[in-house]
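Below, subunit A partners subunit B and then partners subunit C, in two separate complexes.
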Partner chain A sequence: MADDSRREFDTEGVKKRFMFVNRRAPYGSIYALEILEMVLISAAFEQHAAIVFIDDGVFQIKKGQDTEALGMKNFSPTYRVIEMEKHDADEDEDIDMVWRIIVERESMEARGLDADDLIVGVEVMAAQDLSALMAEQDVVLGG
Partner chain B sequence: MKFGIVVNEGPFTHQASDSAYLFTKAALEKGHQVMRVFFYYDGVNNGNKLSSPQADDRNLVKLWGDLAAEHKVDLVICVAAALRRGIKDEILAEGFRISGLGQLIEASMAADRTLVFGD
Partner chain C sequence: MMLHTVNKSPFERNALESCLRLAASGCAVLLIEDGVIAALAGTSQSDTIGGRMGDFKFYVLGPDIDARGLADKPLIDGVKVVDYGGFVDLVAEHDAVNAWL
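Now for the complex of A and B:
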């Protein structure tokens, strides 16, 4: 493995707004799991983050997931770690980091879900408002 | 302009790697800076030196490696995604290195724009 040290950038004091866009169902492909890994790593960099669930991505945080018959790992409890990171960021005055967990209203309603069906506490946001928020981001990563 | 590039799909199945390569090459030739190209999801397959496309087709793995050699572009394969897919140092193509997801976040912090090529 090559030496990482010569590839470091000076990011001292950089604070950006990241948005992570989850738009696919949790187990049909690997995107949901790997974007979750991305979100968790980003916490160490203390950047602002909006974790967004749209389209079938809403199913990623639905309560009561059972993957036993699929032979896949049920990783939905890990979303609670995001909620904990958000909580820590909200409570700790020394951490200058705002995390938001957002579900697009239209996607949620089209799937017959409401916020009580979800494993984490979310902000429910209309597509139009989410679009405006997306436009304000510095970095938008998806999967 | 300082660009960060993210490639989310492997070579050939999707056009994402071609588009990312062509963009990166064009940006460098125009004098822009590419801080890092980060390969995630199936994108890690772009660094598999065992890839052997037919002779009359483009060889994306080699094209990326040539670009790295010519312009000193930092091509980083995500370690967690790579191990899942059997991409290890033993089969890592010239010009690539394996490192962590933090390299993606860091490059995005350092770049003016982060461009994602995926499906």
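Now for the complex of A and C:
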């Protein structure tokens, strides 16, 4: 019997379009952090990723988060790192990985926010256009 | 085509509302767990899917209706009840599944 625990993942040539749909505010539940982990894992495997913020998920990338009194880690700066990695991937033609950071316009505006309130540069997209993009994905993971 | 599943009551969460805003027209929407509440006729939330019957194919998981004692309540016209086997068929028939949690 082969020892499956030692089997390596052969991901050579496997390239999928992932969409991560963040729908919850940070710190009140574990959803936001779990999705962030999935985003980072997809990067390790050089997969395409559309990182989307809708509903209260928009608050995950609000500038000026200060969690010191909560005793919880402020994970919003990680999205700055993701933004930098995205730039590297965009510039380096050896990296076949397209990342997009997208905020739904309706969700953002309903919460009194605009793109300047956000910690990273985003594509602001209307629900109708986001709907079309979602339909093109191979894998959609949300929460 | 994508299969969307929704497992939250429309009275408690906006998962269904967001699903119906962003799912592409023609997709299948399967209501499971507390999501089955959205399939009931005669509630203040019935229009949420009742008004979108032309845009999506709606399914509801029968065992989750039964478990909640709701089998004696009428469902919105056009919502199809499936069992676990039907759930599996829907997953197999679609390219991807999007779980609205």
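Please note the rule applied: the second predicted complex is superposed on the first by the 132 of 143 C-alpha atoms of A that agree within 3 Å, B and C clash if a C-alpha of one lies under 4 Å from a C-alpha of the other, contacts with A are read in each partner's own complex, and residues count from 1 in each chain.
The definition used in the following text is that a contact is a pair of C-beta atoms (placed from the backbone, for glycine too) under 8 Å apart; a residue touches a chain by one contact, two chains touch by 3 or more.
Quick caveat, the model's predicted, so the values are computed rather than measured.
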If you stack the two complexes on chain A, which partner ends up touching A:A127: first (subunit B), second (subunit C), both, or neither?
second
In the superposed arrangement, does A:I95 touch subunit B (first), subunit C (second), both or neither?
neither
Look at A:A25 in the shared chain and tell me whether it touches subunit B only, subunit C only, both, or neither; answer first, second, both or neither.
neither
Output check: A:D55 vs subunit B and subunit C. Expected answer is one of first, second, both, neither. What do you get?
second
Quick check on the superposed pair: does A:V81 touch subunit B, subunit C, both, or neither? Answer first, second, both or neither.
neither
Regarding the shared-chain residue A:Q137, is it in contact with subunit B (first), subunit C (second), both, or neither?
second
More subunit A residues in contact [subunit B versus subunit C]:
B
After superposition on chain A, the subunit A residues reached by both subunit B and subunit C are 31, 138-140, 142-143
Report the residues of subunit C in contact with subunit A in the complex, numbered from low to high.
2, 14-15, 18, 21-24, 27, 95-101
Under the definition above, what is the set of subunit A residues touching subunit B in their complex?
1-2, 4, 7-11, 14, 16, 18, 30-31, 34, 37-38, 41-42, 44-45, 47, 138-143
Going by the contact rule set out above, which residues of subunit A touch subunit C in the complex?
21, 23, 31, 54-55, 104, 106, 127, 130-132, 134-135, 137-140, 142-143
What residues of subunit B sit close enough to touch subunit A in their complex?
6, 8, 35-36, 40-41, 74, 80-81, 89, 97-110, 114, 116, 118
